[in-house]
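For reference, the structure discussed in these notes is given below.
As written, the chains take the letters A, B, C, D and E, and residue 1 is the first residue of each chain.
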Amino acid sequence: MLGEGIIQGLVETARNFFGSYVEKDRLTTVQYPEQRLTLPEASRNFPFLLYDGTDPEAGLRCVACQICEKECPPRCIHIEKSKDKKPDFVGKQQAYPAVFDIDVAVCMSCQICVEVCPFDAIRMDKVYELSTSDRFGGLLWTKEQLSKPNEYYQKIHPLEAAETDERREKELAEAQAKAAAAAAKAAQAANPAPGDASGNGASAAAKPTTAVHE
Amino acid sequence: MTPLAGCLLVSALLFSIGLAGALTRRSAILVLAGIELMLNAANLNFIAFWRFGAHPEFLTGLIFVIFSIAVAAAEAAVGLALILAIYRHARTSDVSEITEMKG
Amino acid sequence: MGMTFSFLILAIMTLAGGVAAMTMRRLVHCALALVVSFAGLAALYLNLGAEFAGLAQLLVYVGAIAILIVFAILLTRGGEGEPEGSFSPSPAGIAGAVAALAVFAVLTWAVETSSVARAGAAVAAPQTTMREIGFALMQRYVLPLEVIALMLTAALIGAVILALREKRNEPADGTAQKQGLRA
Amino acid sequence: MTHPESVTWIVRNLWLIPALPVAAAGASALLKRSQRRLSAGLAIGSMGISLVLSLMAFAQALADPARRVVTFNWMQFGDQWVQLGWLLDPLAAVMLVMVSFVGLLIFIYSLGYMAHDDNFTRFFCFLSLFAGAMLGVVIANSLLLLFMCWEVVGLTSYLLIGFWFQRPAAAAAAKKAFITTRVGDLGLLIGMVWLYAQTGTLLFYNSGAGCLEQTAVAGMEAHITAAGMAVSTAIGLLIFCGAAGKSGQVPLHVWLPDAMEGPTPVSALIHAATMVAAGVYLVARVYPLMSPDAREVVAWVGAITAIFAACIAVAQNDIKRILAYSTVSQLGYMMLGLGVGGVAVGMFHLITHAFFKALLFLGAGSVIHGCTEDQDIRNMGGLRRFMPVTFATYTCGMLALCGFPLFAGFWSKDAILHAAHGWGVSQGPFYLGAVGALLTAFYMTRQMYYVFLGQRRLAEATVSPAAVAAHEIPAEQIEPVVSARTGEVCIIEHPHESPGVMTRPLVVLAVFAVLLGFVGTPAWPWFQSFLAGESTGLDFGRFSEAGLLPLMVISSLIVFAGLGLGWWFYGRKPILHATDPDALEKIQPGVFHALANRLYVDELYGVTVIALTRFCARFAAWLDRWIFGGAVRIVAWMVTGMGWLDAGVDKFVVNGGFDEGCRDVARGGRLLSHLQNGRVQNYLRVIAVALVVLAAILLWGRRG
Amino acid sequence: MISAGAVDQVFVTLKDWIVFHTPAPLQTLVSIVIEVATIIVVFAALFALTTVFERKGLGRMQNRYGPNRVGPFGVFQPIADAVKSLTKEDVVPRAADHVVHYLAPLVLVGVVFLTYAVLPVGRNMTAVNLDAGVLYFFAVGAATELAVFMAGWSSHNKYSLLGAMRAIAQMISYEIPLILSSVPVIMMAGTLSMVGIVEQQARTSGGLAHWNVFTPWGLAGFILFMIAATAETNRSPFDLPEGESEIIAGYFIEYSGFKFALFFLAEYLEMFAVSGLGITLFLGGWSAPFSFLGWIPSWIWFFGKLLTLIFGFIWVRGTVPRLRMDQLMNFAWKFMLPMTLIVIFSAGLWRFLSAAVVGPMPLGGVIRWLVCALVILAPYITLARGLERGRRIEKRVYRYAE
């Protein structure tokens, strides 16, 4: 019968209409600025740069190898290499990015940069409230804006971060072991005095390495 | 000038405008529009004579105008349908180009 | 007693609309100007006390015929492309204008010399109600009304038949169309 | 319209009875071919309502047998109004019920019979129109209205007989029926005009002013015309011409058997219940006009028809043709009854005959349907086994037709014979009628033996194995046999009983065929008294009336004799093969062939009337070709000669100067044709200028 | 204590008071200005209210909150919208016909406001009591089609032209059932005057008002009228002139800012106007349904009914999906038109079946009701079957998947 379906539909909407005042469960809307959904662990968008320690300048993991810049499909990464070098976390002398810009207006969150980075320097973020009133500069993020500490990474992606940290610790340990062995060999060769130079940290271990290189 | 004469003059002017359009414009649609204007001028005459005539209570002029409007609707519909048919046939609605019936 | 102010304004509106309709270059503009003229005329009828006729004029001319004209313009592709030159300086056009002028002159002359128009005293506006018009239509003029209704029906059918596209010689299953699409 | 207070609702709305089927016909004429159910529903529904209304009318007539008349003005001639109207009296009421009831049954039966026809909707359209027109004939209170309906009846009869117009035979039969009845209708028309001239009205009853009422009839009886006949006699006979045409009386009976080409329901409807009865009804209706002289003619014509047709029926082999001749014969009986006994006698037989003849026709239709459209009784036989219902009902109908005691036909036929016996003018019709009754019983017995009893002699009505494989035919209806003709094994289809929609009307009709006679027995002549508007009671004492009981015994004996003769010839030794000669044929081949060829009436007409017409036509053609044509040709030759002469003059004398002038004209024309340049605006411009000039002239003229 | 009549006529009294205190030569002008201004203000305010109610209502029907940010419960949303549309850039396409483009929304809104002149919003609350009120309403309303065409054509955009053509075709098609479905009311009332029609329905017998909607033809006519009105105002489910999925936004694609807001305003005003007409014709205008409710002021009745109908519009919009063009036209010509004619016939029958024909009131009235309802119902079933034929949804068959 013509009209039957319409009446059924009207009843359905009326039930929704009145029901939404009675049963709060019906309302699926999240009142956004006040209520927020917790994002799932795997949620990700827009890359950021990781640094170790507390100093973004010194601890920046990026060595400006420019692989990500070349791989980026929309070409939203712009890197300028520094002239000088500084030691990385294992104490190796590496270049660092003088300029590292990402145009997030162009970025498509494809995560390719993360996958190609050999230095665990770039990771995906979870930000989404990005609106800005600056139409041109606002979404061009510089190195300073991009750099975030490892603790932040551990907070937003705990599992991934743990895995990365573990690997890096292993690398560090290997590097230290190698350095220690080299140092021992060098010490043996040069002066057999017992090395009290069991300095703490990477900077201490870096010196012999540098020496080796030289 | 009496109101009746005023109405008649307006009507005459409207009629002439319509006629001028019908005579000079090349688009068949505008020719039809001109004819509609002439028809309307005639209607105005009827209304004027009914209003200022001797027996407005007989409603003759008014009723005639109503009928005339109805006829005009039919005329316009058929006329425009004709124009459409001609346009489909000749791919133009320019009356100066539609001369197949010439002697 | 002369003409009232409102009459003057409406007359000017009507005539201006008419002139614009007959002289503008784009057909759609002409149609819109025509609507102004029709609407002015409807208002004139109202002004003259012919309420029903005025509203019928509005309903039929503005509501239907104007739309029809507009449709016709668009269907004949008059709404786009280069507009035609409004005043062709051809001898035929000039002859037409002269003929129209002559008609106007004669009509004016007729009005001026007419004793009826001169003597037409201003009468009080007749009080016609819808009811009276209805009775007139249903009693005295019922036969013309029926005839008009019949004629309208005939015109409707005729217009539909005229405006229908002629059937082309296509196979009934529409394969030609499909092939055409594929091609 | 005049409505006296006494006129009840049903009388006022009696027109609905014919109008409804006509309306249904009109509606179904607009239907698409595929809307079969709708058209059948329309026809049957309208007929059902008509039946209900008829029953109401009947009840009204029962309650108050006085004649009720409604007239209305139809058309104005000068200062005179032609009035039409309808009436309700017992005669009309009985006819109404009969026609609408039998009609309804036939409609229902047609559902089944025509189920596979492509033109189902057209059929029901015609059928409804026919029924409506027939009902119109019944209720008409004006000879003019009756004549109009009468002609519509004729038209629809033409359409229905020629329903299968693809068959040449059907088309020819339709034409024959139409033209033959027109011959009679010519008489009717003349009679009608004469009647109008005499009485100034065509209304039958109009409170004393009608043409059938005392004053008019007395006036006409007093007026003597040529050959010493009273005018009423002459008019009555002319009207009887029409009745004879429609009712198939000798010599206009020839169309009726041929009309069997139509579908069987048509045969039943037209040739049993209604159209042929229309003639009888017409005579009954105008009975007051029928003077004793006229009645004598009617009686004789009826009696001759009765025996004449019965004779022919004996030797026919087509199942429907036998019934057709039987119908002609029974119509003769009705006319005889009208002539010798009055309205009630004839009408009683009409009513009973309508039921049992409809039954017989429908039964025959059922047989034909069951035998895959074969109509030859020689190819049947033994159908009793396959079609028990049809057989039983057919037997009822057959016994009723024969006048077997206590069946309906017995009472009505007996009434006729009784009346004929008591007729003062001559005993001839009685003897003719008695012999006719014998023959009736005889040929019906013959038919029964051929069709239902004896052995199956079905011709090789083979069915294709594909149809069998497709289960179109139930397995119990087929049987493999060895073909007698070709010697091959083929599958033949058993005759089968018809579907319920066809057999149920048969059963209903059979009940009537058995019982209907009891409304008009001598002991309780309710029917007769009802028509006369009297009351009656049951009184067995009436049997003791002089001569009645012996006559009934005699007529029963005649029937038994006919049945016995039939058994003697056909029941004793049933024929075994379809090609075997008829039992009568063996004894008297000459007579049998004459009868089988319908006593050569058609041939007689062929060599007399038709030959005369053809001769006239040839003569006219000859006249046209040679006399008039010759004259024309001579004139033409003369003109041609003049033409040659003129041409010579023209070519050599005139042309020299003329050509030049022509060229000038052509040049002028070309110049002028520029005006007609096809541009609308040019024309419009000319009109405008003309308008200006005209207006100027007018104004100038009025200025002074 | 103020009597019921005083509350009822409070606005009329107020206006009379103001007019009375103005200088005599200006009185007519002031009176007109007050009426016009009242109509504009009241209905524009109603428009503002309706937009927010519509959005909230639709939200609730879809189990959402709807706007609730600007002001408490989002009631100031229309103000925000107004500010936004007023401050937005008014973009006009370069190829557009500027004059016509500019005029179209103005003509549309103006014409729609003109129709309010004859609408009786309360007892003695009609701007102009025209003798041919209904005719006036339709005649003036017919001009909206032209405005739509102007907008569509002048934008010089094929989508807008298509949208305009669709809108005009739809409006013309549905204008016929719209007018025809109001014919029975005019037939029964014997007048074209809106005030007269309402007064006809305000009469009561046995405590019940003579609303047309209480009769079978009135009920059917009302439903048909509202369907046609929905189509006439291009509201969902007949909103395909602005079908976003096909032609983006129809005839007002190229409008932005305030002109767009005007189109929006015109659409709602049209909806109110046509609802007001429906109320006047079928729902007894400003009258109360039962005589014991007569103490409630007439304008409350009118606006109450108006809000109910508006809620109906919103409800339907929240329920029914958009039609396809061919369905729309089929529906108009194969269902609406025959049904309106049937309703006219039924109304005639109603008139004919007076107490003299069907017998005394209680039983006779029921018989009359049933007969007239049957006359409408039977063709409805037939027509509905005709519309539904071929619409049976068959089981989906997959050619390769199974």
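Keep this in mind: contacts are C-beta pairs under 8 Å (C-beta built on N, C-alpha and C of every residue); 3 or more make two chains touch, one makes a residue touch a chain.
Every value quoted in this text rests on a predicted model; they were computed, and no experiment measured them.
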Checklist entry - Among the remaining chains, which ones contact both subunit A and subunit C? => result E
Checklist entry - Which chain's mean C-alpha position is nearest the mean C-alpha position of the whole protein set? => result E
Item to check | Chain pair showing more contacts of the two, A-E and B-C | outcome: B-C
Checklist entry - Among the chains, which one keeps its Cα centre farthest from the Cα centre of subunit B? => result A
Item to check | Most widely separated chain from subunit D, with each centre as the mean of CA atoms | outcome: A
Checklist outcome for this item: Taking each chain's centre as the mean of its CA atoms, subunit B sits from subunit C at a distance in Å of 6
Item to check | Gap in Å, rounded to a whole number, between the CA centres of subunit D and subunit A | outcome: 106
Checklist entry - Roughly how far is subunit B from subunit D, going centre to centre by Cα mean, in whole Å? => result 62
Next on the checklist: If I count partner chains per residue in subunit E, which residues reach a count of at least 2?
Outcome noted: none
Checklist entry - Listing for subunit A: what residues touch at least two other chains? => result none
Item to check | Per-residue multi-chain contacts in subunit C, two or more chains | outcome: 52, 56, 64, 71, 92, 95-96, 99-100, 103, 107
Checklist entry - Among the chains present, which pairs are found to touch? => result A-E, B-C, B-D, C-D, C-E
Item to check | subunit E - residues contacting subunit C, complex | outcome: 97, 100, 130-132, 135-136, 138-140, 142-143, 145-146, 149-150, 153, 161, 165, 168, 172, 175, 190-193
Checklist outcome for this item: subunit B contacts subunit D in the complex at 19, 22-24, 31, 95-96, 98-103
Checklist outcome for this item: subunit C contacts subunit D in the complex at 92, 95-96, 99-100, 102-103, 105-107, 109-110, 113
Item to check | Complex contact set, residues of subunit E against subunit A | outcome: 57, 60-65, 315-316, 318-320, 335, 380-381, 383-384, 387-388
Checklist entry - Quick one: in the complex, what on subunit A touches subunit E? => result 1-3, 6, 9-10, 12-14, 16-17, 19-21, 26-29, 31
